[in-house]
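Some structures to go through are shown next.
First chain A sits with chain B, and in the next complex the same chain sits with chain C.
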Partner chain A sequence: MASDSGQDGLTRRELLRRVGLMAGGSVMYQAMNSLALAAESPWKGPTELKGAPPGASVLILGAGMAGMTAAYELRNAGYKVQVLEFNNRAGGRNWTLHGGDRYTELGGETQHCEFDPGLYINPGPWRIPYHHHGILSYCKRLGVALEPFVQVNYNALLHGSKAFGGKPQRFREIKADYQGQVAELLAKATHQHALDSLVTREDQERLLESLRGWGALDSDFRYVAGDVSGERRGYLKPPGGGLTARPESGTPIQLDDILQSGLWRGVSSGDHYDMQTALFQPVGGMGRIGEAFGRELAGLIRYQAKVTSIQQDAAGVTVHYDDASKPGVSQTARADWCLCTIPLPILAEIPMNVGEQLGAAIGAVPYASSVKVGLQFKRRFWEEDDHIFGGISYTDLPITNIGYPSTGFHANGKGVLLGAYIWGLNAMEFTSMTPGERVQKAVEYGSQIHPQYKTEFDNGVAVAWHRVPFTQGCYGMWTTEARARHYDDLCAIDGRIALAGEHASFIGGWQEGAVTSALDAVGRLHQRAVAQGASA
Partner chain B sequence: MASDSGQDGLTRRELLRRVGLMAGGSVMYQAMNSLALAAESPWKGPTELKGAPPGASVLILGAGMAGMTAAYELRNAGYKVQVLEFNNRAGGRNWTLHGGDRYTELGGETQHCEFDPGLYINPGPWRIPYHHHGILSYCKRLGVALEPFVQVNYNALLHGSKAFGGKPQRFREIKADYQGQVAELLAKATHQHALDSLVTREDQERLLESLRGWGALDSDFRYVAGDVSGERRGYLKPPGGGLTARPESGTPIQLDDILQSGLWRGVSSGDHYDMQTALFQPVGGMGRIGEAFGRELAGLIRYQAKVTSIQQDAAGVTVHYDDASKPGVSQTARADWCLCTIPLPILAEIPMNVGEQLGAAIGAVPYASSVKVGLQFKRRFWEEDDHIFGGISYTDLPITNIGYPSTGFHANGKGVLLGAYIWGLNAMEFTSMTPGERVQKAVEYGSQIHPQYKTEFDNGVAVAWHRVPFTQGCYGMWTTEARARHYDDLCAIDGRIALAGEHASFIGGWQEGAVTSALDAVGRLHQRAVAQGASA
Partner chain C sequence: MRRTLLWLIPMLCLWLVPAFADDSSFPDTPGQDPVQSGEQIYMQICQGCHMPAGQGAVGAGHYPALGGDAALAAWKYPVLTVLGGRHGMPPFGLPATSLALQELRTVHLSDAQIANVVNYIRTSFGNHYPDMVSEAQVAALPHPGRR
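Moving on to the complex of A and B:
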């Protein structure tokens, strides 16, 4: 069967030409292109490494997303795999705190999470975008159930402590009123011929029509109180039923107030590529992925193993580690190759014989400061009183975010909010506090947005990433300069050692960075291992 | 305790004044307003009717959302309640078709739904917005579990059969490129002083800053290919990990192409008040609400009861009906009051002694034509190949929508799409077809958007609302003129009969219209019953 011939001997080109003659050009174009959609994503499907050299072994340092991705693929390819993990659980930053969990941070403070059964907080990642094909494919293969993560909630709040007298505004009103008045201004500019040199007369008509629909303008291209804007911004009294049904419109917020408040900054929060729908969360918490990976790799992972040195020679790599269950006795592991996913602040302190370039790269990436606070309340007042179901409120207070749970809607009993998600200088300040003080501060700030905090607060936990013993920071912060100078060195295989993790990716701070980095690294490690043959 | 005095005898006003003197005006404003948020919604919480006159009875016609809302509240208030329902199930248009279900439409065609276990289609309503407090409150009280309904999916498709050669475009690209170029045009107009008479110089600076952030413009206020626009529209090759990590940007679609294509119409689909997040669906299908209501009201509802006449007198209302299980024998029910939720096209054919005004109102509201088609496929190719998880693709083909399931992500086995959701003339055309032809047409049209249809299609069902025996139409379409003339007459109590349903609301076609209409009607009926005392 010739691949470019039809059944009756027509070439594909000729067939398309005839289709075109019969049905007009657009059908032909469609016939040529209609199959192209599925190929648009560069994601090629799961990696399937095969054919490890007989007896070849890989030692993997770290059972986070990168380490376990590598272990999964290398094991499947036939390598002897061993994973050393500092914690007594799999997942690393993929981590969920439930009631009953204990966590001790650097400095020795131990927190006992007292959330009710089923309630949790993800101290690390909490959402997965639809285009993070790597992590999603492992969720599928490991049977981790996913549910939608609500990022944008039009009824959530935008809050500026100096804007609107400190009163939070509804996202839907700021968004509709900003968009409507932007559309109105551009319609006016169009009518005043300001666009005549930029847009053809015909397209100006189309532009005006689009601005009216998109901006919710009236027939005179004005954004004003009434049903048209109400169908975007909501109502003072929404439409209902029976004789009490007639809606009442509220008054749009003036553009100058929106501009001066800075609240416009929150409007595009759901437009960012990483925050666009569809977004997911594993049912039961992000940590379900790490747990599933850990079960899949049971027997390959050695927990509570603190690496103390990494030494390579011509034939392999030797790693010394302390076993927390046998204090004082140094243990040894050895393999032909080593994939190291230890976060850079910790790796930088571990003796390791690698080249100058990799050594310099390891020291070139500072880690971001971030703090997350989980707060349990006696009831889900954000749903019951404020009609906010999932999503995020934004504030210029140090707590930055209040995240509402995307699951368990309408549940009676207690509920847990993400009470703070802090970056930068504010995160450093929160890191310097005790966990109890962080929780207290989050409650104080949050009560400016939800006064119910004062009476409904129950308990909380606070994770400051610079005090997390297994990372000492949240994620690697690459500057453009550091990336130009050191990134390729960080990723290049140094003798028998390769690095992987979100720090070795262009998607810093996301699990997808860890996964794609590991897939890239094991692919190259495999190539090299195959080229060199099996170990002696 | 005086309500306007503090503990030390200060009046509230004086206290606020002192707070203002100490801490500056904005704190005072905040103190005055910070508790106002929870009161913003006019929703006052569940209705709690109490104190039915002893022995008072109400006959309710129809066990849809309006009828069961009324039955629930009136029963709780102490009325003797009986509900007559045409179907052999509760819910009315709240209805889910699962595998194994049978449905016979007007004309006699019977469909046997052959979906796999757990898969379903909602022929009627399929989403509940966060501000539909009435229906949501019944979900909560009846224990109906809710999950997010994904309305907007940035990776779903916008398709114009004559646009871009018929090739579907990703929502995220059309949205980002439209928004970016609108922002760029307005920035240019601002720089060219076209806004000088409209916006102060200072606010123009703020506007420009906002347009840059919101529109993803570069430092020169241009919307161009690169990382800034890539972080909205996505990438040709998205950022990854390791040595294959560097992203590659795609080229934005030019504004004139977007305007000429008409695809801008899809951009604001998630901005509409009724389509804004958070949106919900009951776990297992919309019909779970009707089923739960039916269980709650078990014993009060008589199924398969086709009303044939409604006659009121000075003391009560007598309804004749045919019991489908005892053909040929007319049955009678009687009560002090009657709440009638029968859809108007059917009610108009039932003899009923009401006043001229109500009679005219019943005849004044034509019902919308709508068709929904559910299609089962052999696999979830939209997830596996196209990375579309939930949400809706829009097309100018007659099928209008393709809706992807918001649940069961990553499931192996078969999957069900909403393959068509049609209104107006196209719906009438589809209504005139047999169910099998509707399904076939939906597959043909849909394969222009998803070529996988051709090989993956399994089976389908199609509900044309004008052929639905219990409504003969989708919902009441009020014109402004008809509403001005007839709406209050339709809602007013006529003697001992009141009407309720989405047709007696300002939220036509939504379950919330049925619920709020019923709550309004039973409130007035209760008032009148109390005023008149118990029945003789």
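Moving on to the complex of A and C:
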């Protein structure tokens, strides 16, 4: 791997080619990302659409991130814009539950969020990486204040229910000990000439030097207890001042124990492109973005409007909808063009006259099962007792994550954790429970990691995305095969209708996917409108 | 080294698929559901959407009610739906070790499990279809991800 054209080893290009052959383009794309050939962000700076044909109108379905991005840009370009939204708020999955909020899920269970003032949980997106330029640019333009989101916390925990007797380990120790001993192994292999055919003699010297630095090895290329490793893994007794100053080193965890524990899986969590520092969160909750968009577009959005049919003809698009405030009377909206951001599980059931290809694409994307649980505790024990300020602990228990708040450090009074972020079969099981049972299970599991749960738990809310009335699932899941067959059809303009949303992006489940998909769609819609506007 | 890297390729696939919007560091419950009985599978998976009494639900869209659903009269319809999914509903018939199963983060049910859960649905919630579906009948139908 040292060179791109080694005779013995696979070249990086060849590796990519084989990955591509085996698993199709999207995996290859991801492999490229991981091998540092990452594609450029599609973001090209603020869109400045101009020159809508006189009187041209667009009807936008859905006031989530995609719909409101589109509404904002099209309005600025001079279109007559109206937005229909099922909920009585703007934002869609951009959503924050605060104390006092009420949420009724499919099946009829209503939860009353009882968090203290200022405390919240984001049932949907909760972080924005620095390279999600699109959503960040709207935060800036809409005046949404941001603060750091702590992703990696070296003092957070890695927990395997069957590892180390179920005792959670500090991320810092697992990372340092894993990396240090891997470095030591590589140094040994180098010294034993096992790498001679792969690395030149001169580079072996450089490699050894880098391994010493990377792994915190001593002068003999060993990873051992002491000051050098202590500066990575921390201390049994940390250095201090005065007569109690002398540090005491802890004993590194043996590599075979780390390997067998599986906790090494947690080490790279912050290395993923989407999780790399810096990340942000809006001050006051992710929902602040949706609220700001809603204010910006006040008067253009009709809330509590449930779309029941979408019909296009040669001159425009007619949408029928039910207005929850005027039950029993079907309402009609019409425009020259329609940008539809309705999540696919819902759109698939709405009568709509589009071509066979788009129709097939709409029905080809299952939505992920996912559950988030927010737990309020009587005090911020994770800070007071465990010295964890923000970040995430990972576990192999069904809750998978415990997310600590990135704000309000040292605050007296109560605090709210993300007590579970669940996927797959576990999410299906949790979805099948009542909200109260989900909260109770999250507390039970979490108390294996933080025993303080048992005495400090106060109240909680649980959102299961398959029970969310406005999405019926968390986000669109594409197989490589389905993407190859349907993705372009899903994004193509069909007559006078275009689709947008995270489902029409390669950044599934992220707000950036919704924003960039909307910008792409309105750009193409605008071109077409201008072309037809001139001839009409 | 060549051997090492070739071994790496399937590993890369397993690793790289989850470019997901979350970072659960440990793999989801491996694709297979251990539960066998139709009722248990229903309570564990299906009722999340179709609800505990099979009554379905209505929001911006809807989940169909399973009680009295005429589409259940022919057993092939529910079996094909569970195998391949339908619209937003994930498929449950993908091979247990397939890439697609990981990409969709869904669950693999065996042919016997699918027969059990379909039989449960067709004899619950007021349904009384007498013809039981067998594992072999499920096996004979087209499965997603199978060539």
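Quick notes on this structure:
In this section, the second predicted complex is superposed on the first by the 490 of 536 C-alpha atoms of A that agree within 3 Å, B and C clash if a C-alpha of one lies under 4 Å from a C-alpha of the other, contacts with A are read in each partner's own complex, and residues count from 1 in each chain.
One rule holds for everything that comes next: contacts are C-beta pairs under 8 Å (C-beta built on N, C-alpha and C of every residue); 3 or more make two chains touch, one makes a residue touch a chain.
Computed from a predicted structure; not experimentally measured.
Judged by the touch definition given at the top, the superposed model places A:G78 against neither chain B nor chain C.
Of the two partner chains placed around the shared chain by superposition, chain B is the only one that A:D256 touches, whereas chain C remains out of contact.
In the superposed model, A:P46 makes contact with neither chain B nor chain C. When the two complexes are overlaid on their common chain A, residue A:G284 makes contact with neither chain B nor chain C.
Contacts of A:L425 after superposition on the shared chain: chain C is touched, whereas chain B is not. When the two complexes are overlaid on their common chain A, residue A:L198 makes contact with chain B and with chain C alike.
By the document's definition of touching, neither partner reaches A:G316: not chain B, not chain C.
Contact with chain B, but none with chain C, is seen for A:L519 once the two complexes are overlaid on the shared chain.
By the document's definition of touching, of the two partners only chain B reaches A:R232; chain C does not.
Shared interface residues of chain A, touching chain B in one complex and chain C in the other, are 27, 30, 33-34, 198, 265, 268, 272, 274.
For chain A in complex with chain C, the touching residues are 1, 8-10, 15, 18-19, 22-23, 27, 30-31, 33-34, 86, 106-108, 125, 158, 160, 197-198, 262, 265-266, 268-269, 272, 274-275, 306-307, 342-350, 362-363, 365-370, 392, 394-396, 398, 400-401, 421, 423-426, 428-429, 431-432, 464, 466-473, 475, 477-481, 508-510. Residue ranges on chain A touching chain B, taken from their complex, read 26-27, 29-30, 32-38, 40-43, 130-131, 133, 136, 139-140, 146-148, 150, 152-155, 157, 162, 165-168, 170, 172, 175-176, 178-179, 182-183, 185-186, 188-189, 192, 194-195, 198-200, 203, 206-207, 210-211, 213-214, 216, 230-247, 255-256, 259-260, 264-265, 267-268, 271-274, 276-278, 280, 385-391, 406-407, 409-410, 448, 450-452, 488, 491-492, 500, 502, 504-507, 512-521, 524.
Put simply, chain C touches chain A in their complex at residues 1-2, 5-6, 8-10, 12-13, 15-17, 19-29, 33, 43-49, 51-52, 57-63, 85-91, 99-100, 103-107.
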